[in-house]
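Paired with chain B in one complex and with chain C in the other, chain A is shared by the two complexes that follow.
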Partner chain A sequence: MASKKKPTLAVWKFASCDGCQLSLLDCEDELLAVADVVQIANFPEASRAVKRGPYDISLVEGSITTPHDAERIHKIRRMSKTLVVIGACATAGGIQALRNFTDVRRYVSAVYAHPEYIETLNKSTPIADHVFVDFELRGCPINKYHLIEVINAYLNGRKPNIPSYSVCMECKRKGNVCVMVATGVPCLGPVTQAGCGAICPSFNRGCYSCFGPKETPNTEALAGWLHALDQRPDEIVRAFRGFNAYAEPFRKQSEAYEK
Partner chain B sequence: MKSKTIKVDYLARVEGEGKLLVKIKDSRVTEAQLAIFEPPRFFEAFMRGRHFMEAPDITARICGICPVAYQMSSSYAMEDACGATVGGQLRALRRLIYCGEYIESHALHVYMLHAPDFLGYEDAIQMARDHGDTVKQGLKLKKIGNDLMIALGGREIHPINTRVGGFYKAPSKKDLQAFIDPLTWALEASLATVKWVAGFSFPDFERDYEFVSLRHPDEYPFTEGNVVSNKGIDIPINRFLDTFEEIHVEHSTSLQARVIERDDYLAGPMARYANNFDLLPKVAQDAAREAGLSRVCRNPFQSIIVRAVELVFACHEALRIIEQYEPPDTPFVPIEPRAGVGHGCSEAPRGLLYHRYRINDDGIIQDARIIPPTSQNQRAIEEDLRLFVEKNLHLSTEKLTWQCEQAVRNYDPCISCSCHFLDLKIVRE
Partner chain C sequence: MGATPTAAVLDAGNLQQLLDILQKQNYQTVGPTVRDNAVVYEHIQSVEDLPRGWTDEQTNGRYRLTHGKGKKFFGYVHGPNSWKKFLYPPARQLYAADRMKHRFDVVAPEPSGIKPALIGVRACELAAIMVQDRVLMDGEYIDPEYKARRQNAVIVAVNCTRAGGTCFCASMNTGPRVQEGYDILLTEVVDSHGHYFTVETASEKGRAIAAQLATSPASEEQLAAARQAVDKAARQMGRTLDLTDLKDSLYRGFDSIHWEKVAGRCLTCGNCTMVCPTCFCVNVEDTTALTGEQAFRIRRWDSCFTVDFSYIHGGSIRATDYSRYRQWLLHKLAYWQDQFGVVGCVGCGRCITWCPVGIDITEEARAVKG
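Right, the complex of A and B next:
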């Protein structure tokens, strides 16, 4: 490695809880090995050392919610050879995208005496609405082993191997009894992308879709099932309005039940 | 006339986005700000209209580093509103998952975020080149905390298994007994951590803080008890808002808390320790004494020792709970919603976290209020900066800047938490 310069990695934060970038520090067994092959050039949560860009890989956490951030993401894109966005905030706008279904000024004026001072965008939007994104890694939070896989893939010039099928596939493989069929618990597993290891059904509860819509989800059919389980329309709306509320298939489905 | 400005535009090794600014003129600090520019996320607004059972899952997303704290404070608040109590082994399991969060969060802060300051490294990865075994010990300790959260919560960040009323699924005896060996190692490693950090050199700096924390009659506090201080506060949780208030400052997207008609206060490890030393297990008390700590520690730079003592406590407490564990008959107490107001308070690793909700008969949230630890500590941090800089003007700007950063990191601030609020930076030129 001595003759070759290490590729550089940068981590950036927008509106988020920090959990997805924490996933990198949660790779307790892999962190020092990762630091052996990449130079962690800009990761404020972990280091006060900052190397100037450009960077080989940028990991971006969080959604765009302010005019300042809407500009900052363009600068980051220009400095990054590969830009990977991590987590539900960065891929779908996150839980803070619930504001997108109302007028954000109503939130503000309900509580603040001086709404004219509030500088925020009306919507919380994913990074791909603003700049070209090389890869979207889903989850609230992301799966840390996925993160290692994505970094590994880009270091080796290949496509990340991340599943796009549903949580049901993982759930069946684990040998779980279907919570919805067996116990009538509402579950978003059939329309949700795999990645978590079907943890909620494994703990006897329904999936609430941390990983957002799978490829070609049939949300309409699932909403019908939820209805058959005596879920009221307002409950169905809330089910689709979670951490990936603004992902298009979920947004459309919740809006269909809001009418 | 000499003026100087100390400025750090993006604070590192803290969670979230903040900067610090200290202005000095004629040997006086004219301004000391911990400016928080993290974008607000409006949690309290969009909680309205959500179902009360969703509160632990949604509020966990305020913070990826202390999600269990959010899950516990919100669950207790909802149970309070519905007139329910969760006791016995379910309560013990709640303390156990909190032990996991303490071990993970404190090991992260002590080894990876704070220790590099004392040893002159910019991060733990640099530090690992010279202190490889120590960093590996810290990572292993952190991992045991995370593993405990995975076993009880399903995953380490935003666990899915806790709920209003208890858990979705209770672990088996065997599940938990698998932790006896790792935790026994972790207890020894924590004791070694106390010794290690006690050997650092600390700036000579003390303040007469008002320490605010929970206090429970029988146990070192996690989730229950009164809110107390060393300056006379002793109130039930539901009187929190009568005693503390939040004020707007212009340089922050976070509100700042203070004792009503009094001043700043300190929450977190040093406060818990000062108010509850007598409730620590003997092994933790002895470790503290050997490290040279008295029953009260007033030097914020030594909070790293107190955190290490709490690591000892968390490992010891986890072992105690596991040894006494019998699986409960049901994993949760059924909770029926009723119209009312509920309050919940728990001790996040970085300090007191207060939640209050009003719900209706259908369990729909009408109103939410959340006061996280970092907004409570923000004034104390700024006051520390002011006094510390005035005492240390002889230092070079570079050294003073680094020590100011360190003075902020003393608090393990969780900036994402602090600005879940409905306000934003106001600049009036």
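Right, the complex of A and C next:
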């Protein structure tokens, strides 16, 4: 490995809270090992030493919410061999995509003293709506071990082991008792992609779907069951309007209960 | 019941002796305990850990634990866990490979040497263990870890004296009375004679352990009380699965429109397969060290409800929800018979209780059979 030139890594931020890119720094024990195998070339949150592109791997955090960002993402795509988007903002539009269900101009005029200075898009959209994305890493925030796994898989020329099945799978492998069956707590685990390690059900809470819809999510059947468990329609709307509100299956399901 | 060696009686106050004997012989004592609003199987140290007085209400997609006035240790009906996690762990490294100059060296771990003592195994669960035996150690492909744990294990079975709301073992001929495969069999009775267990043994291992217990010979009356308690459980059972012509009638229903209907309710979340005591499917995941100097192969419980499960070159064979539900039900109740010579379902009802939307395998099988 030492004789080869290390692949370069860049980290980019769009509309987001920085939590996902921080997971790279959060790697702590593994960070030195990562820095050993990739050259962190452009990561302003970690270092002011920025090397010019192009880059082998770009990690993109955040959603597209301004005309300026809608331009910028194309430039980043052009200078990145592999583009991996990280987190619910970048993969689904994030919590700020709640604006997509209303008229953003009303907020702008209510919040800002000079709305005319604000240039914003009507919708918060995921990166894949704008450019080709090589891999989407879900989560609010992402699981840092997933991030290492994606970098690891890239370096070793293999497929990353990132499941797209339900949270229930990892929840039950862990030996958890199903909170919905045993206590009636509403849980989005059955329609949510695994990856967090079933954190909330491990503490007797229902899943909030930080990782967004799983493969083939039957949100309609789950919503129907939640309704039968005495959840009101507005509660069901709120359940699906979290960090992944604008992910297609969740958007449709919340709209179906909004009437 | 066939002739079993003369049964003995153990006073409930002496149950701790059993745990002590097993622990002295270096067994990991595993049994029921209350955690997170359910009876689960965990490592236990003493009878204090047992769910004494706890019982449960179960129906489609619903489980509630209640503390009744009873004092039985085994008055509950099984919760979400099955014993498979102790015999066939959810994740296990199959091997590691070290990169050498022109080759790589494979290092496979030795079987762990764990000696589990499974305490409180019910008839359906024992039937499930015997189904897994066929799959994982009696056939052509043997799982070394499973086989080692299984051969090291002591099984302390307990007869059911109450049926759960989703049980249907009586119709599957797997319970509620334990028939075979145990080392020690207990039946818990509370009556005018007090609170006691009848103790039967079916193996050398079991007899050697039972011989150390402070038992007394069982009276005819006590044995009759135990028998009646189990009979009562059989009568309580509300659900049935009709085994008559099961395989062929399901094959005939392969193209039934009913699969689409159940797929409308099914979440394809995989809960039924995770809680099923016979489901054995796993995936094999290859991973590497960051430097690429080492590779690892890890096995994890998988489920036929995931899209990746049937992924082969070019895509998933079972991309639709209905095809995945159909695969699960048909494998369990029909293909299994062709593959392993037994039905893959033991009638424990876990998939009914622990389905987050309460789908009932007995109803679905009936509907498909038409």
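Here is the rule we use: the second predicted complex is superposed on the first by the 252 of 259 C-alpha atoms of A that agree within 3 Å, B and C clash if a C-alpha of one lies under 4 Å from a C-alpha of the other, contacts with A are read in each partner's own complex, and residues count from 1 in each chain.
We adopt the following convention: a residue touches a chain if its C-beta (ideal position, glycine included) is under 8 Å from a C-beta of that chain, and two chains touch if they have at least 3 such contacts.
This structure is a prediction, so every number in the text was calculated from the model and none was measured.
Peer 1: Once the structures are superposed on A, label A:Tyr165 by its partner contacts, choosing first (chain B), second (chain C), both or neither.
Peer 2: It touches chain C, and chain B stays clear.
Peer 1: Please indicate which partner A:Gly19 is in contact with in the superposed arrangement: first for chain B, second for chain C, both, or neither.
Peer 2: After superposing on A, A:Gly19 lies in contact with chain B but is clear of chain C.
Peer 1: Considering only the touch criterion stated at the top, classify A:Ala128 as touching first (chain B), second (chain C), both, or neither.
Peer 2: It touches nothing on chain B or chain C.
Peer 1: Just chain B (first), just chain C (second), both, or neither: which does A:Met180 touch?
Peer 2: Second partner only, chain C.
Peer 1: Let me test your reading of the model: by the given contact rule, A:Ala70 touches which partner, first (chain B), second (chain C), both or neither?
Peer 2: Touch partners of A:Ala70: none, neither chain B nor chain C.
Peer 1: On the A-aligned overlay, A:Asn204 touches which partner chain: chain B = first, chain C = second, or both, or neither?
Peer 2: both
Peer 1: Would you please give the residues of chain A that touch chain B in one complex and also touch chain C in the other complex?
Peer 2: On chain A, the residues that contact chain B in one structure and chain C in the other are 204.
Peer 1: Could you list, by residue number, the parts of chain C that touch chain A in their complex?
Peer 2: Going through chain C, the ones touching chain A are 35-38, 40, 61-65, 79-81, 85, 90-91, 264-271, 274-275, 285-292, 300-303, 305-308, 321, 353-358.
Peer 1: Which residues of chain A touch chain B in their complex?
Peer 2: Residues of chain A touching chain B: 13-20, 22-23, 25-26, 28-29, 31-32, 35, 40, 43-50, 65-66, 69, 94-96, 98-99, 104, 107-108, 110-112, 114, 117-120, 124, 140-141, 196, 199-200, 202-205, 208, 210, 235, 238, 243.
Peer 1: Spell out the part of chain A that touches chain C in their complex, as residue ranges.
Peer 2: Residue positions touching the partner: 1, 30, 33-34, 36-37, 148-149, 151-153, 155-156, 158, 161, 163-166, 168-169, 172-184, 187, 189-191, 204, 214-218, 220-222, 224-225.
Peer 1: In their complex, what parts of chain B are in touch with chain A?
Peer 2: Going by the criterion above, the answer is residues 10-17, 38-46, 50-51, 54, 57-58, 61-65, 67, 108, 112-113, 122-126, 128, 135-136, 139-140, 142-143, 146, 154-158, 160-161, 163, 168-169, 331, 405, 416, 422-426.
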